[in-house]
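Common to both upcoming complexes is subunit A, partnered first by subunit B, then by subunit C.
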Partner chain A sequence: MKIVGIAACTAGIAHTYMAREKLLRGAKARGHEAKIETQGTIGIENRLTYQDIAEADVVVLAVDVKISGEERFKGKQVIRVSTAAVIKNAIGFIEKVEKALENLK
Partner chain B sequence: MGKRKKTNGAGAQIKKHILTAIGYMIPLVVAAGLCMALGQFIDGDVRNSTSGIGWYLYKAGGFGMAAVVPVITAGVAFSIADRPGIAPGLILGFICTEIKAGFIGGIVAGFLVGYLVLAAKKYIKLPQSMQGLMPVMVIPVLVTAVASVLMFTVVGQPFAWLQQALTAGIAGLQQGSKFVFGAVLGSMACFDFGGPVNKTMSTFVNGLMIDGVIEPEAVKFIGSMVPPFGIAISCLLTRNKYTRQEKEALKAAVPMGFCMITEGVIPIAARDLVRVVFACVCGSAVAGGLSMVWGVGAPVPHGGMLSVPLFTKPVQFVIALAIGSIICGVILSLLKKPVTEADENFDDLGAAEDYGADDGKIKVETF
Partner chain C sequence: MKEDMLITEVMRESCIDLELKGTTKDEIIHEMADLFYKSGVLSSKEQFIKDVYFREAEGPTGIGYGVAIPHGKSDAVLAASVAVGRTRNYIPWESMDEKPVKVFIMFAVNSQDASGMVSLLSQVAVALCDEAVIEQLFTSNSAGEIIELFSRKEETA
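Now for the complex of A and B:
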């Protein structure tokens, strides 16, 4: 499965990037492909392209604050969590995503 | 996006709005606070100067500080209502400063503005030809007018009173209560290494700092820096109680701690959460209490050791921090168990051990 997502935390300097790292590694450990954009205090990095979003099976928003560009995900399946949930248990989270998508089918 | 179902609770929404505002506020306060402090550093008599580098910096910082509450109000309003919230939010923030409703009043004003904008968008129907007037005229003028009058008359007053009571209350604390107050703040600051409890504490003390009560802010520095330093001390005392990975992590966590970023210790805390949190809370509580009693004040909200020369009592601060870190390190070394083979294989990606991550079911929404 292909996962895209955004990570953003309050201070925008630490949790944002830890959440990104964990999502990437968690997805890899479960055999998925992932691309995660960060919206830290420095601004947007690793920006998702329209192609990334179009190809994705699910959108993960690991965000504690308001983010920009949510309208890009119109029509997609979106899952919203806190950065802390992803950082604490990345694999557990990805497994939950798998199950949630399975239930939708 | 308007059609999206509300799946998150009201509490989570409110938290998101406040955190968004704080995210915008942090760089502003750091820039303003450090410029002001540097100005004072360069020119000792900066308050009576009228020119020179020190004065320029001091003035710049002063303008930044004056903009803090407006940025918070605008940030909350922006988080709720998007762009139309910003202009009325800024204006309302200055009103809060003027009527001394402070930081808390500023947040409330942000909610007032945000929801007024949403209401205006929903209930005011203009003919198609005049739609362009909504964002540039109708919403900003109407919301500003209504919210301002409300703030000056009814809404603002209780917060002005609350802010005054809070400031006076803290200033009037006895030595014993000061220690307890500092200890509670110190415990909160380090309890979850930069998580929600820490952010609640930060919001509170940042608000106080903006209103001129700078001692609790120093306790925040302590609570943010005791965990990395304390764990490092513990690792030096008992190297066999830390895994290879943890020693690696510490090499990053200590310099991060120096700059007041606590999050570097999370991987180390994750493997042994209860013991690490307990030790850190003990160390921070004692150090926080001492810092309050000694009257250490931090005029800036961030910057770690780099900001310490700007504190009111830098030497006492360093002593308090050292005492706290040593207490934390010694307790941790006594409590921790030597590393086993299984620990070496601990994977911080989770799954190995679930320690109360927010375990609610996740929801899939269709945008």
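Now for the complex of A and C:
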């Protein structure tokens, strides 16, 4: 499946980028495509396009703070998680996302 | 995008101490802030430590595997920097896996800084997602090797 998402932590220095990397690795390990935007202290990087979002099966928000542009995901399946949970066990989290989507079918 | 920027711009040998003496979290934070201060990274050690504790209060900075990444976003930071420390014994620390820590990667960033230096710090964070890097942080005995560890990751990023 196609996953898009955002990573953002309180200080925007470390957890944000670790969470992004772990999500990318976890998605890859489970055979999915992922694109993750970061909203850190230096601003937005790897910004999701409307096309990215339109094509996505699910949106994951690994965020500990209020993010900007959440309205972009209106009408999409959105799953929230803390950056810590993703850093701790990204593959486990991706598996949960798979199950959640399965249950919706 | 950062080909022309080297990790050595934020990671100096003077900010690496693989034989930290502290035995408590507070001692480690002070000892590492001291590395920054003596390297000219901070205008005020006290203010920086206060800001590190502010971040500590928001959630665990232990990322598991015996590694912690305390960090301060602080007006007292003169240049975005990373310090690396290691203790002989494990230190109690709030961690995602609730285990103690002996490798410390401390980040210092000025609250107003949004430069490429900060994005070098984010590359260090990304490198910490690699188990091989974590492993070497526990075994390497040279500051140069530690810097090399993160430089390599930068190239493959």
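One rule holds for everything that comes next: the second predicted complex is superposed on the first by the 105 of 105 C-alpha atoms of A that agree within 3 Å, B and C clash if a C-alpha of one lies under 4 Å from a C-alpha of the other, contacts with A are read in each partner's own complex, and residues count from 1 in each chain.
Note that in this section contacts are C-beta pairs under 8 Å (C-beta built on N, C-alpha and C of every residue); 3 or more make two chains touch, one makes a residue touch a chain.
All figures in this text were calculated on a predicted structure; none of them were measured in a lab.
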Fit-or-clash call for subunit B and subunit C when the two complexes are aligned on subunit A: clash
Between subunit B (first) and subunit C (second), which, if any, makes contact with A:88: first, second, both or neither? both
Looking at the overlay, what does A:43 touch: subunit B (first), subunit C (second), both, or neither? second
Give one of first, second, both or neither to describe whether A:11 is in contact with subunit B, with subunit C, with both, or with none. both
Scan A:97 for contacts with subunit B and subunit C and give back first, second, both or neither. first
Which of subunit B and subunit C A:64 touches, first, second, both or neither: both
Counting touched residues of subunit A, say whether subunit B or subunit C comes out ahead. B
Going by the contact definition given at the top, which residues of subunit A touch subunit B in one complex and subunit C in the other? 10-15, 18, 22, 25, 41, 64, 82, 84, 87-88
For a test of understanding, state which residues of subunit C touch subunit A in their complex under the given definition. 55, 58-61, 63-64, 69, 71, 73, 96-97, 107, 109, 113-115, 118-119, 121-123, 125-126, 128-129
If you look only at subunit B, which of its residues touch subunit A in the complex? 1, 7-8, 15-17, 19-20, 22-23, 26-27, 78-79, 194-196, 199, 256, 261, 263-264, 266, 270, 349-351, 354-355, 357-358, 361-367
Subunit C partner, complex, touching residues on subunit A are 10-18, 20-22, 25, 38, 40-43, 45, 64, 82, 84, 87-88
Which residues of subunit A touch subunit B in the complex? 9-15, 18, 22, 25-26, 29, 41, 58-59, 64-66, 70-71, 73-82, 84-85, 87-93, 95-97, 100-101, 104
